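In the two complexes that follow, chain A is the common piece, with chain B as its partner first and chain C second.
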Partner chain A sequence: MHGVNSMTPISPKLQRRPRWRLHPKLVPYVLLAPFVLLFFIFGLFPLLFSLFLAFQSWEPTSGLANMSYVGLDNFIFTLEDEWFWKSIKNTFWLAAVSGIPQHLIAIPLACVIHAQFKRTRNATVGAYFLPYITSTVAIAMMFSTLFSTDYGLINQVIAGAAQLPLIGSFFPQQPIDWLGESEFIKPAISFVVFWRYVGFNTVLYLAALQTIPKDMYEAATMDGASRWNQFWYITLPSLKPMIYFGVTLTLIGGLQLFEEPFILTGGRGGSDQSGMTTAMYMYRTAFDFNDFGTASALSWILFVFVAVLTWLTNLAFKPKRGET
Partner chain B sequence: MHRIGQFAPEFRLSTMFANIRSVVIAVLLSHLTLCAHAQKVLTVAAYPAVDSIIKAALPAWEKKHPGVQVKVISRAYADHHTAMTTALSTSSKPPDVMVLESSYVARFATGGGLEDLGAPPYNLNESKHLFVAFSIDQAKSSTGRLVAIPTDIGPGTLLYRQDLLLKSGLQEADLTNSWDSYIKAGVVIKKSTGAYLVAHARDVKDLIIRGGVKSGEGLYFDAAGHSLVTTERFVKAFELAKRIRDNKLDGKISAWSNEWAEGFRRGHVATQMSGAWIAGHLNNWLAPETKGLWRASQLPENTWAAWGGSFYAIPKAATQKELAWDLIQLMTLNPDRQLEAFKSQDAFPALISVHNDAFFNEPIAFLGQQKARILWREATRHIQAPKVHRLDTFADEVINTELDKVLNQGKDIRLALKDADRLLERRARR
Partner chain C sequence: MMTESRRLQGSHSVSVVTAYVMVGLGSLIMLAPFYFMFVFATHTKSEIFTLPPPLWPGTAFFENLKILTEKIHFWNSLGWSLYIALASTALTLIFCSMGGYAFAMFEFKFKKPLFLLVMGTMLIPSFLGMIPTFMIMDVLGWIDQPHALFIPGAASAFGIFLMRQFVLTSIPRELIEAARMDGCSELGIYARIVLPLLQPALGTLGLITFIASWNNFIGPLVVMRSPEMYTLPLALRSMQSPVDTEWGALMAGSAIATVPLLILFAFSSKRLIEGLTSGAVK
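Take a look at the complex of A and B:
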């Protein structure tokens, strides 16, 4: 390098300082700018716009100029709307029935995979995780076919089971209209949601299990603790932070449930709107009933529900002072 | 380390900005060059199969407007209408021409985002007599503005399985004489063949409430905006739907579901009431293997109703309205284009002059060589379009919900309609 520099004169062009000069203090801001810009456009602006809309009456096909301020009218109308409360009831039912089993199954399942599976462990975890990364549309279409009243596999299995001696009488003798009758729609949707997310929670708990020191189990074994006692007094308390995280995600996801019921019920919520969640009702109010103001008010009321329940989850699961 | 840490980012950023600047200049220059040679582009947003009909007309368009390219943006039916709602709401770069399905025309008509085609420079009022009367009424807003122009219509028809009817020892008249005879025929068909009379009892309700609309009335609301759902029209519709369900004559199958198609393929559904276009769907993809087994008739008890239909509209914020209107005229007022769409896509023409074409007298192989187009043409002369109301979609949902309660939970019909009335009046008062 030294030899070359001494023999080759540096051209004035190369010597010229770059015209674009940026003060080092500004570098972090410039690097952050793309995210901040995108957040403002796609995050903050829609949020504030929906808050603004919640106080307006707006027929969207008239254009942005045709809004009129209605104060709290949209909020009052929503809170007095029986379909809103029906959708809230549906949402809570679906969140509980699809959400609670996810964790009740995922925790023991993760423990079994963690303790028993060695060579096939990754393949097993992958198989459970697969529904989570599969397109919701594909899943819902597949289950629509499985739930078909006359031609679906589920009803065919039930019909076969109904023919069995002794236990046959426990099964319904008529095909079940899973997605057509109000009493079956919610269980059908809950099953699909459960099936889709149980693998995700299993992966969460598997990750947490790997952080528990093995010597705790060794010490417990030496003290004569049974497998059950080890699970109850070591595994479960150690998983508490992950349970808090997992339950919070399930709660928020459950209260915002949209895709599965939307596709399974053809976008209408099914008979007697039994499968219509609040997120679906919000969408329908905006795009089917052309009332963006009420839909925005509805979304903010739903936000309050989500925030309060997340806070309650926080109270229930967050480690107390002095806990590890 | 300190100096490197300070100056390395500066150098890299300056190089990066220089590169970006070069790329931006290059892109701008190439864009300007392209623009200098570019054709005018007319944007049309459509859904299947209207998109195919427009594309088929492009050679004729290019002869008339050699410098104007037509860009057809095609989306699935529901996505298309959601996109059009968004385009109108922001008034930002809407298409020059938008295709709308009949139920959406009513909803979009309540806003002020579409051009009044009855007014100058379009003056559609002067040529509206060229179109089937009810289709023009469908395109009117409650204030009388003509916000769209019809291109195809869906005259209602009853398709029935001739083979199942023969097995049951019945004739077409048994299905069409009256609603009572229709249900009685259904009982015989179920007993003889095991087939359902109809896919869903809701289909019969839909037809009866549409068929009995008085002149000047809406489907769910009167001229003053009061709910009509407690009238005898709705009571009769609910009672007949309940009779069908009580006699187990419907398969509880919703339209456009997998079971619906499978029911047709396997011969489990004996009749289907819909727009005339349903014969084309059955022939093309729903149940082509049932070719020759179906026949068409008028709807029971001389009921006249329309299902669906497509319209063209021009957004107020469109930038090339004159060209848009030219294209729309080509698609709607040109008999050749209308006939071609009918032949290729079963799009029943809204333009009356096409109805006298020899094609209407040709037999239809899927319907056992029946000359069914003559029947459908006759229906177009009787159909009346109910007045539209901004809450029609919501009312449809409310009525279907209450019908479900009547059919599945045994709710009293008059109580169900009273509950529906309460919900509708509450919304209508806002």
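Take a look at the complex of A and C:
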């Protein structure tokens, strides 16, 4: 190796090319080799193999040799499975109820932080972003105690609010069994998911807001446009590409929801399976019911749902013909 | 009209104060669960389940820690989590900086299709690979082996994207060519020129990789089967029981799992936030 003086061309040592030196054409292949090797084995191959497995009947206990081709059986079985459709309904419900508020809150929140916060901006953004980088397990465990029926803080706050005059009657008078009763599991999970990702979306919108030229607002103010009109006619249209991107990410993430419901329902889906998402059902089909073929078919059906919805989002956000 | 709009823009108008209060209350809601995690970590199970619940730190932290070490392989799990996160970070940084540099600075066969393939897998939901990944690990005999978690993770498409982007925007092609003219070996160029210049991007990718590995739940859930091999999130999850969960100890464990992240975030929140949202901005 040549060290610091490699930049001085006169050094005679440098004229002599070592024999082991790589041919320049080979350099990129050598650089890429470790990554590509791992990528093919652990990134690409599993995807292809999962497609193969979806057409096989196989139980992990019977050894790799006992795999048998069953055609579309796994797909048909899944599509006729009541629990699968229940999990799809749960997943859509959770994705919508946790996802839509993320954006409805993140957009105005980003606007306010962008316009008003100077000195405390980083601290504020940090507070909203922090849940995104912390462990789902730690978060879900924390919320399990907060959601606890008899002593949980959330029910305490509700009980306190129910004592208030006038508005008190709007709150439930009995403590809610958030993670035990089927009708409350999904709202509880949705809140945790919302809480976790709202800051991430806020940061996306803050980044987009910084690209809107200030003089557009100045011109609008000169013309007497109200703040609301400025938001509606300048800010929102400028944010449209980021809304598309953010909504797509939320959708893709929401449809594969696994960790939060898995931990909040103790891995079983909660009473009446009302907290069981499709990704969770796939995991259970494979590792609790030992049916790897059906689980693979299930994962591809879920993938089709994700792909179709992503495509529909794309259609919804594309400028219509003749509009531009 | 003019005075009206000016008054609205002034920093003391009612709407501005309302906005401040709302955003401030919101950030309290965001931080409250963390506060209670730390408060509950210092209280016994029976103290947590009283009316009203404790609002201030207590004295039972070491008691909780003792329960934690009795119920789960706590120190093992902490060690595995740390070891896997560090190994994963080191491998990802080496392989992705090499790959990203190759994609940015070299021409070679199948460059474009390969890059598209790598980027395409970023869009594919990870649950599709879950079952085959378990089977591969089983065939390789890597079940219950820490490297089952950090070796596959090193092939990070996001890492390649980040590194390639950084090389393209901040390493001048002329610099590489000048070094080559001067007879610097290709390995020397990578190690002495590219790596030092990549430092900011390596820092960002390193932080992201470390945090992702530290928090990883699904990966260990699939490949770590023996309790003494559990990583911290998995071990904490195993304490959950329908009848008598040790909530104080569980909160202490969760708090210990959260502290390293809080420290990293305190020192590098700006860099982390930029890195984690860089896919959107670029």
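Simple rule for what comes next: the second predicted complex is superposed on the first by the 298 of 324 C-alpha atoms of A that agree within 3 Å, B and C clash if a C-alpha of one lies under 4 Å from a C-alpha of the other, contacts with A are read in each partner's own complex, and residues count from 1 in each chain.
Simple rule for what comes next: contacts are C-beta pairs under 8 Å (C-beta built on N, C-alpha and C of every residue); 3 or more make two chains touch, one makes a residue touch a chain.
Quick caveat: nothing in here was measured; it's all calculated off a predicted structure.
When both complexes are overlaid on chain A, chain B and chain C end up clashing with each other. When the two structures are aligned on the shared chain, A:P213 is found in touch with neither chain B nor chain C.
Counting residues of chain A touched by each partner, chain B versus chain C, the larger count belongs to C. In the superposition on chain A, contact of A:S182 is made with chain B only, not with chain C. By the touch criterion defined above, A:S148 lies against chain B and chain C together after alignment on the C-alpha atoms of chain A. When both complexes are overlaid on chain A, the residue A:P131 reaches chain C alone and has no touch with chain B. Legend: residue contacts after superposition of the two complexes on their common chain; A:L64 is shown touching both chain B and chain C.
Once chain A of one complex is fitted onto chain A of the other, the partner contacts of A:F289 are limited to chain B, with no touch recorded for chain C. In the overlay built on the shared chain, the residue A:P172 is in contact with neither chain B nor chain C. Legend: residue contacts after superposition of the two complexes on their common chain; A:G266 is shown touching both chain B and chain C. Residues 18, 21-22, 24, 27, 30, 60, 64, 144-145, 148, 150-151, 266, 287, 292 of chain A contact both chain B in one complex and chain C in the other. Put simply, chain B touches chain A in their complex at residues 6, 9-11, 13-15, 17-18, 78, 82, 85-86, 88-91, 107-108, 110-114, 251-254, 256-259, 262-263, 268, 316-317, 390-391, 393-394, 397, 401, 404-405, 408-409, 423, 430. Interface residues of chain A, counted against chain C in their complex, comprise 1-2, 6-9, 14-15, 17-18, 21-22, 24-25, 27-32, 34-36, 38-39, 41-47, 49-50, 53, 60, 64, 105, 109, 112-113, 116-117, 122, 124-139, 141-146, 148, 150-153, 156, 195, 199-200, 203-204, 207, 221, 224, 227, 242, 245-246, 249, 252, 255-256, 258-259, 263, 266, 279, 282-283, 286-287, 292, 295-296, 299-300, 302-303, 306. Residues 1, 5, 8, 11, 16, 19-20, 22-23, 26-27, 29-31, 33-34, 36-37, 40, 48-53, 94-96, 98-99, 101-103, 106-108, 111, 114, 117-118, 121, 123-136, 138-139, 151-152, 154-155, 157, 160, 179, 181-186, 188, 190, 192, 211, 214-215, 217-218, 222, 232-234, 236-237, 240, 242, 247, 250-251, 254-255, 257-258, 261-262, 265, 269-270, 272-273, 276-277, 280-281 of chain C are the ones touching chain A in the complex.
Those residues of chain A that touch chain B in the shared complex are 18-22, 24, 27, 30, 57, 59-64, 66, 73, 77, 82-83, 144-145, 148-151, 177, 180-182, 266-268, 271-273, 284, 287-290, 292.
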